[in-house]
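Consider the two complexes below, in which chain A is the common component and chain B and chain C are the respective partners.
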Partner chain A sequence: MVHIRVDGTAYEVREGLTLLQALDDLGVLMKGVDIPHYCWHPKLSIDGSCRMCQVEVEGMPKLQIACGTPVRDGMIIHTRSERALAAREGVMELLLVNHPLDCPICDQAGECKLQDYAFEYGQAHSRTREPRRALKKRVELGSTIILDQERCILCRRCVRFCREVSATNELAVTQRGDRSTIETFPGKPLENDYSMNVADLCPVGALTTRDFRFKTRVWSLEEVPGICTGCSRGCNVHVGVVDHEVRRYTPRRNDEVNGTWLCDQGRMTYREIGAPDRITEPAVRGNSGQLVGATLDRAIGRAVELIREAVQKEGPGVVAALASAHATNEDLAALRGLLRALGSETHAAPVLTGSSDALLVRPEKAANAEGARVAGFGEPGLLFDKIRGGGVRVLIVLGHDVIHEQFLGTPEPLAALDGVILLDTHRSRLEQVADVVIPGRHLAEKGGSVTNHAGLVQAVPAALEPTFEAIAEAQVLARFADALDVSLTDEPERKREVD
Partner chain B sequence: MVSPAVRAAIDEEIAKMPEKRGALLAALRLVQEERGHLCAETIQEVAEIFELHPAEVMEVVRFYNHFHERPQGRHQVNVCTSLSCALRGGRGLLRQIQAHLGIRAGQTTEDGRISLGHEECLGACGNAPMLRIDDAYHLDLDWLRTQQLLDGLE
Partner chain C sequence: MGHRVPRVTQYLTEHFADEGFATLSGYRARGGYETARRVLRDQSPGDVIRMLKKAGLQGRGGAGFDAGTKWSFMPEPHHGPNYLVCNADESEPGSFKDRLLMTRGPHQLLEGILIPAFATGAAMTFLYVRGEYAEPARILRRAIDEATAEGMLGSNVLGTGFAHQVVLVRGAGAYICGEETGLLESLEGKKGQPRRKPPYPAECGAFGRPTTVNNVETFCHVPHIFERGVDWFRSMGTDQSPGTTLFGVSGHVERPGVYELPLGTRLDEIIFEHAGGVPGGRKLKAAIPGGVSMPLLPAGHLDVPMAGEFLRERGSSLGTGGVIVMDETTCMVRVGCVISEFFRDESCGQCTQCREGTGFVHKLFLRIERGAGTAADIDVLEDVAGKMEGATICAFADAAAWPVQGLLRHFRSEFIEHVHTGKCPLPDGFEL
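Let's look at the complex of A and B:
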């Protein structure tokens, strides 16, 4: 450890780091110690190109870039000395010489470091009379990202990302001086599983995602912490909400889980929340054999009726549950508790699997696969056997992964049951066999905790209310328990028999 | 395809370097000598030899003035327009050449004789204005001398 002083405050930092790295390591960078920077990024190599992070170091004749200056014991640093501020003003002036200043039509406006630092360190007026360089305003770098060459300040974060993180190398800086631009090689567009991270990385409005471009002014977004539900990594995200609608996921830094990244596939899962195929209304199968819209009370009443009849007729144990690896730990605990109260140990959770990679993407395609296992919801094979063998009369189903071809492939095997109670967020062919359908809430709508593949339990708050009436699955299950007059407590010895 | 001779020369350059990509500049020079220019396909070929993404090779090609992505004329005429030369009439000289040849800097005459360009300091400030024809410097120019030089090119 070495001791340094920054603006009069003493810090003990790890040896071998540069000043910005050391401050980031302590968690004080931009949270107490503000050293503005464009090109430096905690998860990328040091570039030293933007010169914005210049600070004064006692004993060194020239200003030093904080991103590239290793800390030494006894170092005394001034981040806001007259010289440092003058240097930053100069850097800002040069960066703005060619910047179009089209903030009113720029998506980055409101979360733009150029705006922030111009406000903090720049001048209010320009001294240049020369025309600004005219470049291309809309270059499609790939299917996800659009580049505005005029806005680019050439920090090369995106280039480094493609070389160091995605390791796909699509981006390059071509030409020199004020002709420099970011480009792709003809016929080799920016196409990788993490391409949209470059838009997050871009400190200005040069790189925007086709998905979010021109959709929302960022200052009208409410950004709530959330968890991506695309796989069992549990990447931390900011859920960007406007008017009961999620407009985007952006990565939320968590060095234990996802660093500062998010895969494209996971990022786009936000669309599931406002998808047109959401189940928005409870339904009960009527006498005609058709599902008919119903109130939540009626749907819960019918579900309870089915459970009670089955237990009365066949005894406890004939109610089984197929949980979802998308459900929260709270939902799963409630389901487990309900089953215990009903004297059943027959439960499982199908977990869809798919492709994975070495960076973030995990093979299990649900946020809480591990949580389901920990809660005792294992592979569904035995449960399917028991259903086929007639040992199950009523099945409570959370989610519809079970009809994926990795499992049943079709809802048919469930048709012979006396009752299928479906608590789900999205429409599926399971509705063909469901006797009761109750709309569920997406993780972003109910909050709760999920357990990632490494066993890390992460809790998030609800980011928005659904546009329709729905309560969290755990609450639905609690209403079942109330109506059945059983307790959801997880203690087996405290269970009460259904009368 | 890069000819076996050039490929052998590239391998020789690679062998001199601690890292393969260190020989990229030399390789591009060799390939351009043979081909006259470095088109996208050629860049891709070189990228394959060096196990690089073609975008990385493109970055190098576009950084250096002496690499060309389009077919060039038989002679390269490059006028220095950096500060010292500019003060001594370098830009005026370039304008006169442009008018004389009927092309702009960056273009090639229709007969494929001359590709005209301008470049940054060639280190001959003491003899400004000056220009470079292929690998030779021509110093202390006036228009008469320049015209003779240009008209003398085959």
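Let's look at the complex of A and C:
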């Protein structure tokens, strides 16, 4: 450890880091110690080209770039000296010499580092009169990203990302001097599983995602912490909400989980929240054999009736549950608690699996696969056998992963049951055999905790209310328990934990 | 004052009139490679570096850094090779001395490479030749082949057991590849963009290995120093800047060309006595002492000895020793237009100040030259140049800013005249 002093405050920092790295490592960079920067990024190699992070270091005649200057014991740094501020003003002026200043039509406006730093460190007047550099305004780098070459400040974060993180090397700076532009190589578009991160990395409005472009002014977004539900990594996201609608996920830094990245597939799972196939009202199978819309009370009443009848007729062992690895730990605890209260131990959770990679993507395609396993919801094979053997009469199902090809493939095996109670967010063929359908809430709508593949329990708040009437699955299950006159809290293991 | 009356000894170019000197046999007939043989056989690397430090040979590529000190930064080879790089990119406008050294004395250069190669433990020298230098490259390649065939290069250099290879690499025509780390990037097959320092090349240079980069002329002095000794070398030039150097004189002079003269020779002497003065009876207006990136000096300041320590007092520097002479028909705003266009074109584009500043400066010069400028523009020009200086990864932005500062320091009145009259007072010389 070495001791440094920044603007009069002493810090003890790790040796071998540069100044920006050391301050980031301490968690004070831009949170107490403001050293503006464009090209530096905590998860990319040091570039040192934007020159915005120049600071004064006592004993060194020239200003030094904080991103590239190794910390030394006893170093005394002034981030706001007259010289440092003058240098930043100079950098800002020069960055804006060729910038189109088209903020009114720029998606980045409102979260733009060029705007922010111009306001904080720049000057109010332009000293240029000549026409600005004219370049291409709309370059499709690939299927996800569009480049506005005029807005680009050539920080090369995107280039380094493709070189160092996605390791796909699609981007490069071509030409020289003030003709420099970001380009793809001929015939090799920007197509990788992490391509959209370059839009997050871009400190200005040069790189935008085709998905978000021109759709939302960012100052109208409410950004709430969330967890991506695409796989069991549990990547931390900002859920961007406008008017009960999620407009985007952007990565939220968590060095233990996802660093500052998010895979494209996971990022796009936000669309599930406002998807047209959401289950928006409860339904009960009527005398005609058709599912008929019902009130939540009616649906809960019918579900409880089915459970009670089965227990009375054949005992609690014939009630079973198929949980979802998308459910929160709270939902799972409620389901487990309900079954235990009834006296059944027949439960499982089907977890869909798919491709994975070395960076973020995990094979289990649900956020809480590990949480389900820990809560005692195992693989569903035995439960399926029991269903086929007639040992199950009523099945409570959370989610519809079970009819995926990897499991039943069809709702048919469930048709013979006396009752199928479905708590789900999205429509599926499972409705064909369901006697009761109750709409569920997406994680972003209910909040709660999920446990990622590594056992890390992460809790997030609700980011938005659904546009239809729905309560969280745990609350639905609590209502079941109330109506059945059993207690969900009767859970011996849990009690021991609390004690 | 350590400025002695120079004794003219032209050791670098002494035999350049002899065409055979460019061949191995011709070079050996003049005693070539004997100094390297003796040094490699009889001296230790430490001795060589100590002797060169005593000689005080300044790098001749522009920065004037002490060559022996630079070599001393090199670590012992450890888990891989050390490298030497000969910077033959000679891209500074107004500089053409290295071309002469390569075409007329390729073996002098190779012998000059062998001694520091031995001293720095380098396994290989990359000879990075400017892309436009087709003929020098051809001549050097032939010289390398000859020297390799005859055992001056290879696995047993001159029978001393020292192994060294010289590999010729041609650039692709970028000014910035003359900057040592821009050169290293280009050498590695990448886009020529200077590297952030630290680490310095002596720690992590070509292909990640410890590397020393020296200019062609710097190498060429080395065999002479080891042949005739430190005292002989220091008997020429000044105390701080010993030896001769090659001045490339161009522009408005009767006899443009390369002149080997002791460091410390006065600039007016170079222009008037050696290069024959300004033609047509016109008056001299200004001269750039060392390639376009050095601030120019007006006619009244040319009585300066051409050595770093004296030029710095006049607000300029020796640079590459490329003297560019301008007579009274030269518009100084137009000079700014031409120089700034070059730097705008050649900026690698990494650092903000350089990428955007070079273009901004160029636009301001054009604005003033075309009569559209205001007095405030002159201040902006000065201010922007000030913000470019000393704030970037490499010295390119400095090189682009210094000539602006020189022009405004000495010829501000001419800029004001342009602004006040709304036109250039001199007839159109060429299309801007």
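As a convention for this text, the second predicted complex is superposed on the first by the 490 of 499 C-alpha atoms of A that agree within 3 Å, B and C clash if a C-alpha of one lies under 4 Å from a C-alpha of the other, contacts with A are read in each partner's own complex, and residues count from 1 in each chain.
The rule we apply is simple: a residue touches a chain if its C-beta (ideal position, glycine included) is under 8 Å from a C-beta of that chain, and two chains touch if they have at least 3 such contacts.
Just so we're clear, the structure is a prediction, and the values are computed from it rather than from any experiment.
K.L.:
Is the arrangement of chain B and chain C around the shared chain A a clash or a fit after superposition?
P.N.:
Verdict on chain A: clash between chain B and chain C.
K.L.:
Of the partners chain B and chain C, which touch A:R217 in the superposed model: first, second, both, neither?
P.N.:
Touch status of A:R217: no partner.
K.L.:
Under the stated touch criterion, which partner chain does A:K136 make contact with: chain B (first), chain C (second), both, or neither?
P.N.:
neither
K.L.:
Applying the touch criterion given at the start, work out whether A:E170 contacts chain B, chain C, both or neither, answering first, second, both or neither.
P.N.:
The first partner, chain B, only.
K.L.:
If we overlay the two complexes on their shared chain A, which of chain B and chain C does A:I46 touch? Say first, second, both or neither.
P.N.:
Second partner only.
K.L.:
Per the contact definition in the header, classify A:E183: touching chain B only (first), chain C only (second), both, or neither.
P.N.:
first
K.L.:
Quick one: name whichever of chain B and chain C touches more residues of chain A.
P.N.:
C
K.L.:
Among 27-35, 45-53, 99-107 or 117-125, indicate the stretch of chain B whose C-alpha atoms run into chain C.
P.N.:
Only 117-125 shows clashing C-alpha atoms.
K.L.:
So chain A touches chain B in one structure and chain C in the other; where do those two contact lists coincide?
P.N.:
172-173, 175-176
K.L.:
Which chain A residues qualify as touching chain B in the complex?
P.N.:
Touch list, chain A to chain B: 168-176, 183-188.
K.L.:
In their shared complex, at which residues does chain A touch chain C?
P.N.:
Residues of chain A touching chain C: 46-52, 54, 62-63, 68, 70, 86-87, 90-91, 93-95, 97-98, 127-130, 133, 153-154, 172-173, 175-180.
K.L.:
Inside the complex, what are the residues of chain C that reach chain A?
P.N.:
174, 176, 191, 196, 198, 344-360, 363, 367, 376, 380, 384, 387, 390-393
K.L.:
Under the stated contact criterion, what part of chain B meets chain A in this complex?
P.N.:
Its residues touching chain A are 40, 43-44, 52-56, 58-59, 62-63.
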